[in-house]
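Which chain is which? They are A, B, C and D, in the order written, and residues in each are numbered from 1.
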Amino acid sequence: MATPYILALCGSLRSGGFNKKLLDLAVAEARSQGAEVDVVEPKSLGQLPLYDQDVEAKGWPPLVKELRDRLGRANGLLIASPEYNSSIPGGLKNLIDWVSRPPERLFQEKWAAVMGASPGVFGTARMQPHLRQVLAQVGVHVLPAQVHMPRAMEAFNADGSLKDEARRKEVAALVTTLVTRLKG
Amino acid sequence: MATPYILALCGSLRSGGFNKKLLDLAVAEARSQGAEVDVVEPKSLGQLPLYDQDVEAKGWPPLVKELRDRLGRANGLLIASPEYNSSIPGGLKNLIDWVSRPPERLFQEKWAAVMGASPGVFGTARMQPHLRQVLAQVGVHVLPAQVHMPRAMEAFNADGSLKDEARRKEVAALVTTLVTRLKG
Amino acid sequence: MATPYILALCGSLRSGGFNKKLLDLAVAEARSQGAEVDVVEPKSLGQLPLYDQDVEAKGWPPLVKELRDRLGRANGLLIASPEYNSSIPGGLKNLIDWVSRPPERLFQEKWAAVMGASPGVFGTARMQPHLRQVLAQVGVHVLPAQVHMPRAMEAFNADGSLKDEARRKEVAALVTTLVTRLKG
Amino acid sequence: MATPYILALCGSLRSGGFNKKLLDLAVAEARSQGAEVDVVEPKSLGQLPLYDQDVEAKGWPPLVKELRDRLGRANGLLIASPEYNSSIPGGLKNLIDWVSRPPERLFQEKWAAVMGASPGVFGTARMQPHLRQVLAQVGVHVLPAQVHMPRAMEAFNADGSLKDEARRKEVAALVTTLVTRLKG
């Protein structure tokens, strides 16, 4: 039986965004279930250079190296991301592009849980299929269960908890499924 | 009858990449048909900050402002992009994310031609549906015609021309369709 | 200046479904703007055989032939479809598969407006990207404008009109854009 | 440890198609590894009625009932499908639409391996993302590993075996992964 070790990623770079709040709830839940969770600070995604083969040829930029190492230690992924123009935010995609580069196949055989919050009514319904496709492409098992959080502006209490008990249970169930998988 | 004014974008940031070569051929063709073409230097995509609402709140970064202005002057788009992990490169998506932000709807009602070159056999067959969806989402008319260039390493002569005459005609036909549309 | 001639298709086969109601409103609007509209009876999609090359080899089944002829006369398409399992209903896809077969390229260069109604909150947000991709693949210009109708059970008055005036205007605007395009 | 019980589906309805040949190879491999495999005869997909809520309201058509029962007995899925117009064939999608209907959630928690053969160069590269999305939507764990068979007309020997040893190993590896998962 493996110890669950999860890398937590947020697709929105701003401070205090909905997706970071949603991710924080899921992270707390995962820790309460015995998982170790390494949360990538959203601003650090913004400090990554944009993927460029000429840059790569000079060696991994330090932050790329660091994030590759951190993913390498994890066996699970927890991702909360907004939807930009019906797809994956460029910043999150850029991280995946860097970390997926050979020689190691760092994403291979990891398990991922995907969530998304949006201010509108769709709750990232169009981003998630793209993100799931990209993750599968790099060898990740993405859990079929989906968490969509539409109208995110009204979803949270001032203390960061969710107003809607059904949604809270949905997040907890997704995390439970992930942690259970990782425990094998 | 409008004058065709095309912004040309490359999804690969490296110098001398296949997609830049492919774009250059399409740009030359468009100019030979009377279009004005503004080519965005690939490295400048890499100098864009990653989209972050906290950054946006302080005003457009200078390069974002410049690229918004350049798109604003165009009525057409010519894009050649690689496929990263079966989808849009983070750098190209990041540009679209910045330029699509309100208040102006800068992409709205523009026409776009999409091409893609890859070293493998699929020639960006999975990237293009994502890019087309994103462009439609921001209001662009994407031409249905598709140019896929698989095995890009063997596709070009030393002078940058295409070895395969059928492919050369395919690129020319796509550009002709775009320029004709823009002339109205 | 061409006369708009539109083939109207419904992705739901049942009688009195939401998408048929939505289509009927759009059809009435198109006719009020001078377009000729040929509405395919939803049940006739259900009478099509499933596409099978062995069946095709014996010649077009009569209903396939009829629908190919009807599409051949049109220069525009108006489609309202539900979302089944986050994608295109099999029945609508089957129709497209039959009608897209060579030798004629019957979809080529036609213009299409896509709408979708669903009982849930997403309003076909995941079906539409798939349908748009398929239509582009067969050469259709799909209008970027989108009409999503979530919570369709509560959307209509008893007389078939829409309760929400903003939605009514959205449908009318989509139809106006299509008819204007077809008039050239 | 569970006994692997696999339902095998072919997205092409014609007799002797490439995808049926590809499926047959995978089925033989699965059986050689101890799995029980129930192969759905391709023509039976063509005998299914197209999904229509009015038909469903009268009770499951006999063939729908039969296929629901057969899926209910399986814990794995093996699918080989062509690509029609860059997406899932209508016939295969129609089967999924019928079998995914409540009250039972028959696809839930099953594991699937997806393959695809095409006469062209893409080998179903655009169909597979759609099929994977649909299967995930109904609760299936789709293995990330992909088998694409382009230029299918030249791929098989007269006895149905594959000419290319690398491809043969790729199919065997996919089946091994599936069977191993099912054995838990």
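Everything below uses one rule, namely that a residue touches a chain if its C-beta (ideal position, glycine included) is under 8 Å from a C-beta of that chain, and two chains touch if they have at least 3 such contacts.
Please read these numbers as outputs of a predicted model, since none were measured by experiment.
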Repeat of the B-C interface, chosen from A-D, B-D or A-C (over half of contact pairs identical by residue number): A-D
Which of A-D and C-D has more C-beta contact pairs: C-D
Distance from subunit C to subunit A - Cα centre to Cα centre, in angstrom: 36
Computed distance of Cα centres, subunit D from subunit A, in Å: 30
Subunit C residues counted as touching two or more neighbouring chains: 86, 126, 129, 133, 137-138
Touching residues on subunit C, where the partner in the complex is subunit B: 129, 132-133, 136-142, 144-145
Subunit B to subunit D touching residues, read off their complex: 86, 121-123, 125-126, 129, 150
Residues of subunit A defined as touching subunit B within the complex: 12-15, 17, 43, 45-46, 48-55, 84-97, 100, 126, 130, 133-134, 137-138
